[in-house]
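Take a look at the structure set out below.
Every chain is named by a letter (A, B and C) in the order it is written, and numbering of its residues begins at 1.
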Amino acid sequence: KHCLQLKMAKNTNIRISLPAVCFVWQIAMIILFGVFIRYDEESDTHWIEHRRKKNISTNLENDFYYRYPSFQDVHVMIFVGFGFLMTFLKRYSFGGVGFNFLIAAFGIQWALLMQGWFHHLDEHDWKIKIGVENLINADFCVASCLIAYGACLGKVSPVQLMVLTLFGVTLFAVEEYIILELLHAKDAGGSMVIHTFGAYYGLTISWVLYRPLLSQSKHLQGSVYHSDVFAMIGTLFLWMYWPSFNSAIADHGDGQHRAVINTYLALASSVLTTFAISSISQNNGKLDMVHIQNATLAGGVAMGTASEFMITPYGSLIVGFCSGIVSTFGYLFLTPFMEKTLKIQDTCGIHNLHAMPGVIGGIVGAITAASASESVYGQEGLINTFDFKDAVANRTVNIQGGYQAAALFVAIAFGLVGGALVGGILKLPIWGDPADVNCFDDDVYWEVPEEDENFLSRHPNMNHATSIPDV
Amino acid sequence: KHCLQLKMAKNTNIRISLPAVCFVWQIAMIILFGVFIRYDEESDTHWIEHRRKKNISTNLENDFYYRYPSFQDVHVMIFVGFGFLMTFLKRYSFGGVGFNFLIAAFGIQWALLMQGWFHHLDEHDWKIKIGVENLINADFCVASCLIAYGACLGKVSPVQLMVLTLFGVTLFAVEEYIILELLHAKDAGGSMVIHTFGAYYGLTISWVLYRPLLSQSKHLQGSVYHSDVFAMIGTLFLWMYWPSFNSAIADHGDGQHRAVINTYLALASSVLTTFAISSISQNNGKLDMVHIQNATLAGGVAMGTASEFMITPYGSLIVGFCSGIVSTFGYLFLTPFMEKTLKIQDTCGIHNLHAMPGVIGGIVGAITAASASESVYGQEGLINTFDFKDAVANRTVNIQGGYQAAALFVAIAFGLVGGALVGGILKLPIWGDPADVNCFDDDVYWEVPEEDENFLSRHPNMNHATSIPDV
Amino acid sequence: KHCLQLKMAKNTNIRISLPAVCFVWQIAMIILFGVFIRYDEESDTHWIEHRRKKNISTNLENDFYYRYPSFQDVHVMIFVGFGFLMTFLKRYSFGGVGFNFLIAAFGIQWALLMQGWFHHLDEHDWKIKIGVENLINADFCVASCLIAYGACLGKVSPVQLMVLTLFGVTLFAVEEYIILELLHAKDAGGSMVIHTFGAYYGLTISWVLYRPLLSQSKHLQGSVYHSDVFAMIGTLFLWMYWPSFNSAIADHGDGQHRAVINTYLALASSVLTTFAISSISQNNGKLDMVHIQNATLAGGVAMGTASEFMITPYGSLIVGFCSGIVSTFGYLFLTPFMEKTLKIQDTCGIHNLHAMPGVIGGIVGAITAASASESVYGQEGLINTFDFKDAVANRTVNIQGGYQAAALFVAIAFGLVGGALVGGILKLPIWGDPADVNCFDDDVYWEVPEEDENFLSRHPNMNHATSIPDV
C-alpha cells in the first residue's frame, strides 16, 4: 500500500476544497431558490382553481401526466446511463459513477435557476415557476456537462468537475437561449444544444489540460472483464431510453409519438453498422467492447434535432446507419490521431459519440427542415411542428433550415470558446488534480476497500497462490 | 495467450461474414422501410386534423399515452432483462449481453415489416402504418428469438444468430397471424405465440446442432460469484416489468389494469415455490442461483394468455404456484435428462422457463376462456374481453376454449418444424461457429481485456502470487 | 472447502424449515385470496358499465393511467433498489439480493390482505377489491420489512426473515390504520409509516439478537471493489425513482406533481452535503462509498411526509441539506457508538438512512402542516391537501400539526414494541441462523460457484500463481 503514495508529486488533498465548494454552492442554491423559484400553476395547490378558470375537464391535462414517464426515463439516463457507461475503466469505477452523481445533483439545481432566468422568468413577480418540464430541461442541461466529463474522466479532481459544471450549465443556458429563442431553431433532443456543445466544451477543456506524460498511468487506462459488463448497464439504459430523451419535451400528441419512432429506428440501425465496422476492423473479426458500448448510441444523438420532423421511418434508419459507421471509425482512427497530433486526450471518446453524431444531427435537422412541405406535413402540421407563429409566423422552411444551420455553429462556438476559458481556470494549480502517474486511479479520491487476506486464506480455492505451499 | 488458439480446429473468423450480413440486412431494411413503412395517423403531423375529424377531445387519447410507459418497460426487458440474464456464464458475459443486443436490434426492424405485412397492411396504398403498438409488437416478436438464443448460448456464432433471428421473426409473424387472426385466439402476453414457439424453436435448433463433445468446454459452463449477481439484474428487470409485458397490448382500461394485477400475483407466487423446491432439493437446504434466476419468472410466462381474463386473483396465485414448481423441477431433472437422453443441450434451460410454463399458460388460457360466463364478465365485458364481434360474433366460450387449445398446437408445431429447418441451415459449415473446446468462451468473438500485470504488481495486496518471492 | 464447515457450531440446515414455511404460507395466501380478494371496479370487466353509470368519458380516467408509471418505479425500488443496495458485502451479495426478493414477494401478498382488511374491506360482501393503488401500497408496506432486513443483513436465516416479514407486515397494517385513518395524519411517502417504523422495528430486532462475538466474521463485513459498484445500482435506482415513491399515492393532479418536485430537490441537495461531510471526515478528503451509497438518499426519506405540502422548493432543499449531513454523521459516529454501547449491530446503517431521516421527515411534516394557511394553499387547496372533510371537516392546521406529531410517536412505538416481540420470537433456537463465525457468508445458505481451476490454468494470464513454476 505504501508504494501507492510514492510518486504522488501533486497535492490531491481535497479535504478542505471539496466540502467548501459543496457547502458554499448548496447554500447559494438554497438562497437563490428562496428568492426565485416557485411552483408553477400545475404543481401548486391552486391548480384546482386554475382548472376551473381555464375550463380544463380533467386532472390528466396536467402536464405531469404527459411528461412524467419520459422524465423518469431521462433521469435514469443521466444517473445510471452516463454513470455506468463511465465505469468501464478497471480502477476508476467509483469515480466514474460517483462523480457523475455529484455533478449531476449539483447541476440540475443550478440549471433550474439558469434556464429559469432565461426562459421562464415571470415578468410580473420576477419568479421562476417550475413544473415537470423544467425538471426534464435541467436533466438535459446537465447532460452536456456529463458529456464533457467523459473527455476528462480520470484526469481531474471532483473540485474541478464542480467548476466545470458551474460554468458548463451557465454557458448552456445562454447558448440554449440563443438557439431556441433568438434563432427559433428546433432541437427537441439536443443534437446541437446538448451533444455538440457538451462535446466541444469537454474536448477543448481536455486540450487545455493536456498531459504529455499521461502514459505513466497507461496500465490503468484499460478495462477488465467485469468493468466492461458494468459499462454495458450504462450503454443499454441510454440506448433503451433514448426515445424518451428525444421525445420528452416534444409537442403533445403526434410530436412525442413520432420522436419515439424515429429515435427507436435510428438506434436500431446504428447497432448493426457498429457491429459491422467493429468486426471488420479487427483480426479474426473480433468485436471490440469500446465500440459496442458507445457507437451503438450514435443513432440517438444524430436523431436529436430531427426527431420531431417528418423524416420518415427509412430516413431515421439511414441516419442511424451513417452515424454508427462514423462513430466507430472515429474510435478506430480519430481518437488516436487526436491524442497524438492534436494533443486532445479524450478518455471516453466523446468526439466519436457526441461531437460527430451531434454535428450530423444538426445537419440532418437543417436539411429536413429546409425540405419540409405542406404536402407532407399538412398546413396545420407544418405550423405546429416548427412553431411558425407570432414573431416567426411568416418564416419559410428554407429560412428555417438556414437558422438551424446557424444554430449548429452557435453550439460549436460556445463549446470551443467556453471550453478554452474554463480550461484556463481549471489549469490553475489549486484544484487538487492528480499527477500523471495517478490518473485513472480511484485510490486518489476514494477509500478503496482492501482485498482481505483472512478471507482468502479461509477460502483456499479462491486464490491459488495460497495453496502453493502445499505443492 | 498462444495456448488459446491451439485446439481451434474450426475457423471462427467472422471478419467478412458478420460485417457482410449486417450491412446487407441493414441496407435491405432501409429499402423495404422506404417502400412500405409510414407513420400512422397518431404519429403523423396530420394527427390534429384526424382529431378534429374523429371528434377526439384531447391529445391524451393518442394511443401513445396509453401504451408508452408499458412499451418502455418491455423494451428494458428485451435488452437488459434478456441480455443480463444471459451474462451468468463465467466467461461469456460479453456474448450474452452483446449478441442479445445485436439480434434484438436487427429483429425489431424485420419484425415491423413482417408483422406489418400480415396485420397492418393498408389495403389502399399498400403501406404499413406504424405507431407505438407496432413497436411493442416488434419487441414481443424478437423476444421469441432471444428465448431461442438461450438454448444456443455460447455454442453459435453471431452470424448464425442473425440467421436464426431472420427466420425466427418470419416464422413468428406467420404463426402469430394464424393464431390471432385466423383462429381468433387471445394471447395478450404471448404464452403460446412468444414463449412456447420461441422455446421449441430454440430447442429444436439446439437438437439439430447437438455437440457430442461439448464437455470439452465444461470448465466454462458454470458461473462465478459476480456473474451470478450480474444475471440477477436481468432476472429482476424481467420479473418487475412482466406485468407491463402481459398488459402492454391488452385492452385500454380494465384490460390493462387486470392483466397487471394477475401477472403481479402469479410472479409473486412462483418466487415462493421456486425457493421452496430449490432448498428442498439440495444438501443442507442450500439455494441454487440457477433456480432463483429463472424459475421465479415462470409465473409471468404462465400468465401470458389468461392475463386479460377474469381468472381471479387467487387463480393467478395458483398458476404461479404450479409453474414455479414445474420450472424448478425442470432444472433439477429434465435438463440433465434432455441432455443425456434426448441430445438437447439447453444452455439457459429455456425448456424449464419458457416451454413448460408457456404450455401451462396456453392450457390455463383455454380452460379460463372455456369457463367464462356472462354472470362473471357481464354481457359487454364478455364481448370486449374476447372480441366476439364481426366474423366471430356468435362464437361461444366453449368454442373459444377449443380454438385456444388449437393455437397452442400451432405454436408448438411452428417451433418444432421451423427449428428443424433453420437448424439444418445453421448446420452448414460456413457460419464460423466455435469448436467444442471453445464454446462458452468470449475470446472467440471478442477482444477480451488482458489482466494487466503492471497494475497487479503495483497493488501487491490484490494478488498474492506476486508477493510470494518475498517469502 | 472442508475447512468451511469446521467451526459451524450451529445447525443451519433449512432443508425442511424453509420449504415448509414457503409452502404453508403460499397455500395460506391462496386460500385467503380465494375468500377475500376480488378485482375492484376499475380492473373488472364491468368497468365499461361502471363508466357509463358514473358518466366517465374516457378509459384514461381509470386510475391505472394515473398511477401505473409510478407503481413500476416503486416496484423497481423495492426489488432492484433495496436488493442491490444490499449486495455491498464482499461475500453476501446472493443473500442481499436473493432474500430481499423472497421476502418482498411474500410480503406483498400478505400486505394486500392485511391492508385490505383494514382499509378496503367492502362492507356489503366482505371482500377486498384491489386495483393498482393497492399494489403500490403493498410495495410500500413491504419496504418497511426490507428496511428492517437491512439491520439484520448477514446475521439471520431466510426462515427468520419470513417470520420478520409476516409480523412486520401485520404490525405495519395496524400502525398505518391508526396513523392514516384514526389520527388522519398525512404521510404520502411514508417518512413515519414506512421509514421510521421499519427502521426501529429492525433495530430493536437486531438489539434482541445481539451477537457479542460477531467480530469472528469481521473479515467478511466489508466490501470489495466490484461489490461496491453493484451496490451503486441499488443506490441510483432508489435515488432516481424516489420522486415516484413519494408521489405514487399522492392526490391526482397538483398533488403528484408537487410531490415529485419536492422530492427531486431534497434528494439533489442531500447528495452535496453527503459528499461534503464524507470528504471532510477522512484523511486527504477521500470519499467513503458507504456514505455515498446511503446518505445521498436521506433527502428522499425526509421528504416523505411533507412531499405533498406547499413546503416550497427552497424548503425542500433545506430538508435535503440537513438530512444528508445528519445521515453521514450517523455513519461516522452513531453506528460505531450504537454497536459498542447500545449493543445494536446495524449492518446497513438503517438508523442513519431511515430512522433519523424518517424522524426528521415526521417533524418537518408536522411543522409544515401546522404552518399551512389559506393564503398559501387557497381555500380549496387547503381542504384538498389535508382532506379536511367529513369527520375532520373542522380540523385546523394547528391541530393537524399535533396529530402529525402524534403519528410519529405511534410509528416509533410500533417499531420498538413490535421489534422487541418479534426479536424474542426470532431468538428461539429453531430458525437455522448462522454461527457468529459464519455470518455474512453466502456459503451457509447458497450453493456458491467454485472458481474453476481448469479455467485458470488454461488462461495463465488471469492468475499469476499458476505461472510461477515457469520462473
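Here is the rule we go by: a contact is a pair of C-beta atoms (placed from the backbone, for glycine too) under 8 Å apart; a residue touches a chain by one contact, two chains touch by 3 or more.
Here the structure is a predicted model, which is why all the values come from computation and not from measurement.
Asker: For chain A superposed on chain C via Cα atoms, how large is the rotation, as a multiple of 5°?
Answerer: 120
Asker: Can you check whether chain A and chain B touch via the same residue numbers (shared by over half) or via different ones?
Answerer: Under half of the interface numbering overlaps between copies: different.
Asker: Roughly how far is chain A from chain B, centre to centre by C-alpha average, rounded to an integer in Å?
Answerer: Using C-alpha averages as centres, the distance is 31 Å.
Asker: Counting only residues that touch at least two other chains, what does the list for chain B look like?
Answerer: 57, 60, 65, 69, 91, 226, 233, 450-451, 463-465, 468, in rising order.
Asker: In their shared complex, at which residues does chain B touch chain C?
Answerer: So the residues of chain B in touch with chain C come to 1, 3-4, 57, 60-61, 65-66, 69-70, 73, 90-91, 219-220, 222-226, 228-229, 232-233, 236-237, 239-241, 243-244, 252-254, 256-258, 260-261, 264-265, 267-269, 271-273, 275-277, 279-280, 282-289, 292, 296, 310, 312-314, 317-318, 321, 376-378, 380-382, 384-385, 450-451, 453, 456, 463-466, 468.
Asker: Inside the complex, what are the residues of chain A that reach chain C?
Answerer: The touching residues are 12-19, 22-23, 25-27, 29-31, 33-34, 37-39, 42-49, 51, 57-60, 62-65, 68-69, 72, 75-76, 79-80, 83-84, 87, 91, 93-94, 97-98, 101-102, 105-106, 108-109, 130-132, 135, 158, 226-227, 230, 233, 432, 444-452, 454-455, 458-465, 468.
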